[in-house]
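Heads up, there are several structures right after this.
What follows is chain A paired twice: with chain B in the first complex and chain C in the second.
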Partner chain A sequence: MPRPGFVLEVDRSTPPTLFHHGEGFRLERLPTGSRVVYPPEPLAPLRDIDAAIRHALLHPIDSDPLPALLFPGMKLTIAFDDVSLPLPKMRRPDVRQRIIEAVLDMAAEAGVDDVHLIAALALHRRMTEAELRHAVGDRVYDAFAPRGLLYNHDAEDPDGMAFLGSTPHGEEVEINRRAAESDLLVYVNINMVSMDGGWKSTATGLASYRSLRHHHNVHTLQHSRSMMDQERSALHSSNWRMGKVLRDHGPKVFQIETTLNNDTFSPPFDMLQKREWEWGVRDRATFLGMQAALHRTPRRVKRSIFHSMEAPHQVTSVQAGEVEAVHRITTANVYRQQLVEVEGQADVLTMGLPYICPYNVNSVMNPILVMCLGLGYFFNLYKGKPLVREGGVLIMSHPTPWEFHPVHHPSYIDFFEQVLAETTDPAEIEQRFEKSYAEDEWYRHLYRTSYAYHGVHPFYMWYWGSHGLQHLGRVIVLGGDPKAVRRLGFMPASTLDDALEMASDVVGRHPRITHFHAPPLLMADVS
Partner chain B sequence: MSPERAGVAPGRAVQALRAGRRWVPRPRATFPWTAPPVPRGVEVPAQPRKVGADFETEWARSDAARFARALLLEGPLRLGVQALARPEVHGRDRLADLRAVRPVTPVIFAANHHSHLDTPLLLTALPEPWRHRTVVGAAADYFFGTRVTGTLSALALNAIPIERTRVNRRSADLAGSLVDDGWSLLIFPEGGRSPDGWGQPFRGGAAFLSVRTGAPVIPVHIEGTGAILGKGMNRPKRGRAVVTFGAPLRPDAGEDARRFTVRIERAVNALGDESSSDWWTARQRAARQESPVLSGPDLGSWRRAWALGDSRGRGLRRRPARPRWPDLG
Partner chain C sequence: MKALQIDRSLPRFAAARVAGALRSGSGARVGPIELADREPPEPPGAGWVPLRPRLSGICGSDLATIDGASSRYFEPLVSFPFVPGHEVVADAPDGRRVVVEPVLGCVTRGIVPPCPACARGDLGQCERTAFGELSPGLQTGYCADTGGGWSTGMVAHLSQLHAVPDGWSDEAAVMVEPSACAVHAALRAAAEAPLGTVAVIGAGTVGLLTIAALHHWSPPVTLVAAAKHADQRRWARELGADVVVEPAELPRAVRRITGSLAVGDQLTGGADCVLDCVGSEASIQQALALVRPGGRVLLVGMPSSVRLQLTTLWHREVRLEGVYAYGTEHLPDGTTRRTFDLAFELVEAARLERLVTATYPLARYRDAIEHAADAGRRGAVKVAFDLRGEKERNR
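Now for the complex of A and B:
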């Protein structure tokens, strides 16, 4: 029986606490009286995943069984989540492969010929062949990709998008034309956090800039408190309004959603998801050996090693059918794995940021993504109230190198050099710079033909953290490159004591401190 | 310089030659170091020959033999297979769930059979945890016909004798008890290598054992080994082999071995189709029950050879005889 998450109060007997620190780790001794929020242990997985998938397809929620929706001569499109999920990538076979093969098996039995598979990546970079193979499996890739039937969504293809209508709020809904004109759109989703899935899969994953700008903006994200809490997320509401347009004017959608447990690190590195006082001799020896090796390893090599690691994630649920009904169950399953009850807010929130976020898979975690991971994702992993009070301090640990992947993140480089050099205010950035980056022909070209994120993507990353920026009194980056950290508008600190000293200017000498002990992911339910 | 001139005494053999005698070395070892001589007029009763289906192979599953075999498999056999067949292996991901089960689930690999290369190829292609804990069902009359071939087969391939010409309870009992003990089994249900490049009907051994032991059957399709070392070829030719593992099959409730055999054969046929076309095309054909059968069309022999095509039948062609001048006497 997996143990639920819990909150530890640090005393003199508490061992140092693990902080992820990019492609490395720190052990920090938190002041007595601090609290550490630990994630729940991984839930037990489904025993027979393939049987569970088949059951979900044959007994969907508020929908006819999938075989009843398939007929000869129909246009079937299968869209699936891109490389940003799950994190880290899961061991083969990926659950998307299992589901897609099961769907295609039923399609073959129904005599369906016209099938397209689309990686629903919105404005993310295109997936490489290796990444597609990992997600859908070699069999599906070899059968469809050489004939041009398996491809990446292209949000800038002027002939490839279809306008479906607008919401009462004036939000335009434009999605991939092939998907829009299909008799059935099957969406294959992986839910890592409660923000994923539902109408966001199609209304965002298959959309264009014209559609996305209506909810990927500063106003929406500052009014999403948090974006992970569907009942209080403006982002969620906007996607659901768009979903209504999709339902009324778009293709029939058969949504398949899955949840994974938070088993993130495989042996011998599984001590990274154990509580520190439970590390055995082998765990401590492994950690010491790993630290010694990492200190002597060039960053580039460390990055390759970390990104090659595959997580032992296991599937905890599969549900299929009508989008909203399915997503309600999915969200409950995500909460079942991740929610931890926490009483009261802190003055200082600390967190260790790992080497990976959704936008640097097989790539470099540049300073903008550090900000996005800390203030966008981890800060927002709450229900109710943020873990830190308004005006409090966030201390996040990451080396934050001034380094960018030139192929994946070309517009990030210019954003960092030009935009952040002038201002870090999200609203001003949005107003002054967004349009020129979003419509830049060179960035469009790189997005469509290379493996670059769209020109507007670094803006969205900055907006992602806008609620955190608005809420916090100060952000301190522990162990970060001082120049890069200052460019972000944050303060660098070399030790935790220094960081706490800096924080005392804002929150006083005796702050309440909470440490967010992730990954594995957790979501704080703050009362 | 002769030995005499050099002042060296000639050897016993030289002396014997000079004396005009045949030199016969004196026997050094006698009974009990050697076999006892049989007195004249005495008839020794024939000892039962422990070969064929009765060959004893338990020693080949001892720790020492397993260690020796692991060295052999991961060393020379793997290198040899790599050099000859450059194998491509597909479908291992279909076994991921079974591989994760602890304790390890014994399985029955059922593959089509073209060549002597199939066994080492499959043994090197098997994923862990089965690779070093699999016994191979080998024809008792062929591989265990003598003590030497039997010993080599048992040691190198972990083979056990399977009677293929008549029903033999011992073969079935041995295979069943090994599966019960946690050993996996590699079996070629066709009963022998393809004589003409096409497959042969599956026999019921794999299905029978699965029904009896509850072990899942993993259908496996092998392509290309017939052209490398097919039946009738004296020398191997380098080529490319493709191994495709299928999803595990279990007998349905109430399904007997005969019907299960049909299902296993159909699964291997579908894998063959997948190997020669692509997964989606194969699935569509399988759904329409139009998967090409490995046993080929029911036609005359030359038309079957014709239908086999160039790539699969290449290895079976005889090399053209070397042109010679006519013998004019």
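Now for the complex of A and C:
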């Protein structure tokens, strides 16, 4: 029986606490009285995933069984989550492969021969052949990709998008034309966090800038408290309104959602998901050996090693059918794995940021993504209230090198050099700079033909953190490159003691400190 | 009188070259420059008057000479020993304060009739800088007969003198000559209007003044500048640049502003005009990569021997043009003005006296030169010799 999440109060006997720190780790002694929020242990996985998938397809929620929706001569499109999920990538076979193969088997039995598979990447970079093969499997890739039937969504293809209508709020809904004109759109989702899935799969994953700008903006993100809490998320409200347009004017959608447990690190590195006082001799020796090796390893090599790791995630649920009904169950399953009850807010929230976020798979975690992971993702992993009080301090640990992947993140470089040199205020950034980046022909070209994130994507990363920026009194980056950290508008600190000293200007000398011990991921339910 | 003097000494030039390559400005310690007691120069003819310098700036070309980095092209165009200093504000015998226009053209050399360039008023293009009644020397400060501003006494032809308006500080006046160079560059850039995007590489004195001149006399739609140091970036913004970036960021900034695509390191479009105010191999090459097809690269900073990849220049029909000194300018409104007159206006309008950030007595010339050579990193712009307190001057 996996243990639930846990809040530890640090005392004199508490061993140093693990902080993820990019492609490395730090052990930090938190002051006595600090709290550490640990994630629940991994839930037990489904025993027979393929059987669970088949059951979900044949006994969907609020929908006819999938075979009843398939008929000869129909247009069937299968869209699936892109390389940003799951993190780290899961061991083969990826759950998307299992589901897609099951759907294709049923389609074949029904005599459906017009099938397209689309990586629903919105404005993310295109997936490479290797990444597509990992997600859908070699059999599916070889059967569809060479004939042009398996491809990446292209939000800038002037002939490839279809306008479906607007919501009562004036939000334009434009999605991939092939998907829009299909008799059935099957969406294959992986839910890592409660922000994923639901109408966001189609209304975001298959959309264009024209559509996305209605919810990927500062106002929406600052009114999503948090974006992980669907009941209080303007981001979700907007996607759900768009979902209604999709339901009324778009294709029939058959949503398949999955949840994973938070089994993130394989042996011998599984001590990274143990509580420190439970580390055995072998765990400590492994950690010390790993630290020593990492200290001597160049960053590029470390990055390559870390990104090659595959997580032992296991599937905990599969549900299919009507989008909203499915997503309610999915969300409950995510919460079952991730929620940890926490009493009261802290003055200072500390966290260690790992080497990966959804936007740097096989890439560089550049400073903008550090901001997004800390203030966008981890800060927002709460229900109720943030873990840190308004005006409090966030201390996040990451090396934050001034480094960018030139192929994946070209507009990020310009955003960092030009935009952040002038202002870090999300509203001003949005008003002054967004349009020119979104419509830049060069970025558009690189998004469509290379492996670049769309020109506007760094803006979205900054907006992702805008609720955090608005809420926090100060952000301190522990162990970060000072120049890069200052460009972000944050303060660099070389030690935790220095960081806490800096924080004392804002929160006084005896702050309540909470450490967010992730990954593995958790979500704080703050009362 | 007291003067900093440069003698022809090949071993000392060689030593300066080595030292200067290791650390800019250190040629002052081992090179051919020294502080000397010497007789004041005699007026070489009618129309020449003695001057007592008050302030005299240190220019990039002076630094190149001191560090032995100047091109050997100049050898026949100078005469030894010479006293450097061509950015000069001085007291004239009639009691006026004057700024010296240092180019030694046909009039100063007693050449009649003047060469076609001097006849047009384009002094910088004079064809007789090594001829006539004066020893060779393209400017005051490089001619053995005239002396230069880094001294307590020099001579100048009456045609070289521009009266300093009442109420002006010496610091403002000493900025007139370098500003004239910048005005000339800006108006050359504007000769082919309209200017959409103009890029300025370098934000030393020449770069900053060029930014100010462009902003004042011929503002482009977007003026983007590359500056290495934080203070330089602040000045560049203050003097009129719309976008200021670090040098390595400039290609991306120009691409973004012009909506260009890129092929490798080469923009497919680019800036209408790039003014290179550095003059190094790297800066010229960068300028060629930034300029649009059919655009112009103006070399404002003094280049020396460089090795360039010119295929892009050929393929994209880019024009590479030198910009030297000043003379007479043809303004967009059709009027014709002396560059120095425009420079006076610019100095006043942009309050360029603010750029004089450090002054030194002659005795501390090594410190002064090292400071000037490292000005950007040390937060300085124009470093000058202050002669006003020199004992020999005030006897």
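In this section, the second predicted complex is superposed on the first by the 527 of 527 C-alpha atoms of A that agree within 3 Å, B and C clash if a C-alpha of one lies under 4 Å from a C-alpha of the other, contacts with A are read in each partner's own complex, and residues count from 1 in each chain.
We take it that a residue touches a chain if its C-beta (ideal position, glycine included) is under 8 Å from a C-beta of that chain, and two chains touch if they have at least 3 such contacts.
Since this is a predicted model, take the numbers as computed values, not measurements.
Enquirer: Tell me the contact category for A:92 with respect to chain B and chain C: first, second, both or neither.
Expert: A:92 contacts chain B only, not chain C.
Enquirer: Just to be sure I read the superposition right, which of the two partners does A:104 touch: chain B = first, chain C = second, or both, or neither?
Expert: First partner only, chain B.
Enquirer: Thinking of the overlay built on chain A, is A:33 touched by chain B (first), by chain C (second), by both, or by neither?
Expert: The answer is neither, since A:33 touches no partner chain.
Enquirer: Where does A:418 make contact in the superposed view: on chain B (first), on chain C (second), on both, or on neither?
Expert: The answer is second: A:418 touches chain C but not chain B.
Enquirer: Tell me which partner touches more residues of chain A in the superposed arrangement, chain B or chain C.
Expert: Between chain B and chain C, B touches the greater number of residues in chain A.
Enquirer: Classify the contacts of A:67 with the two partner chains as first (chain B alone), second (chain C alone), both, or neither.
Expert: neither
Enquirer: Counting only touches as set out at the top, which of chain B and chain C does A:344 meet: first, second, both, neither?
Expert: neither
Enquirer: Taking the complex as given, what residues does chain A use to touch chain B?
Expert: 48-50, 91-93, 97, 104-105, 108-109, 111, 113, 115, 137-140, 142-144
Enquirer: Which residues of chain B touch chain A in their complex?
Expert: Answer in residue numbers: 90-91, 93-94, 96-97, 247, 274, 278-281, 283-284, 286-288.
Enquirer: What part of chain C is in contact with chain A in the complex they form?
Expert: The touching residues are 243, 245-246, 249, 252-253, 255-256, 259-262.
Enquirer: Per the contact definition, I'd like the list of chain A residues that touch chain C in the complex.
Expert: 413-414, 417-418, 421, 436, 440-442, 445
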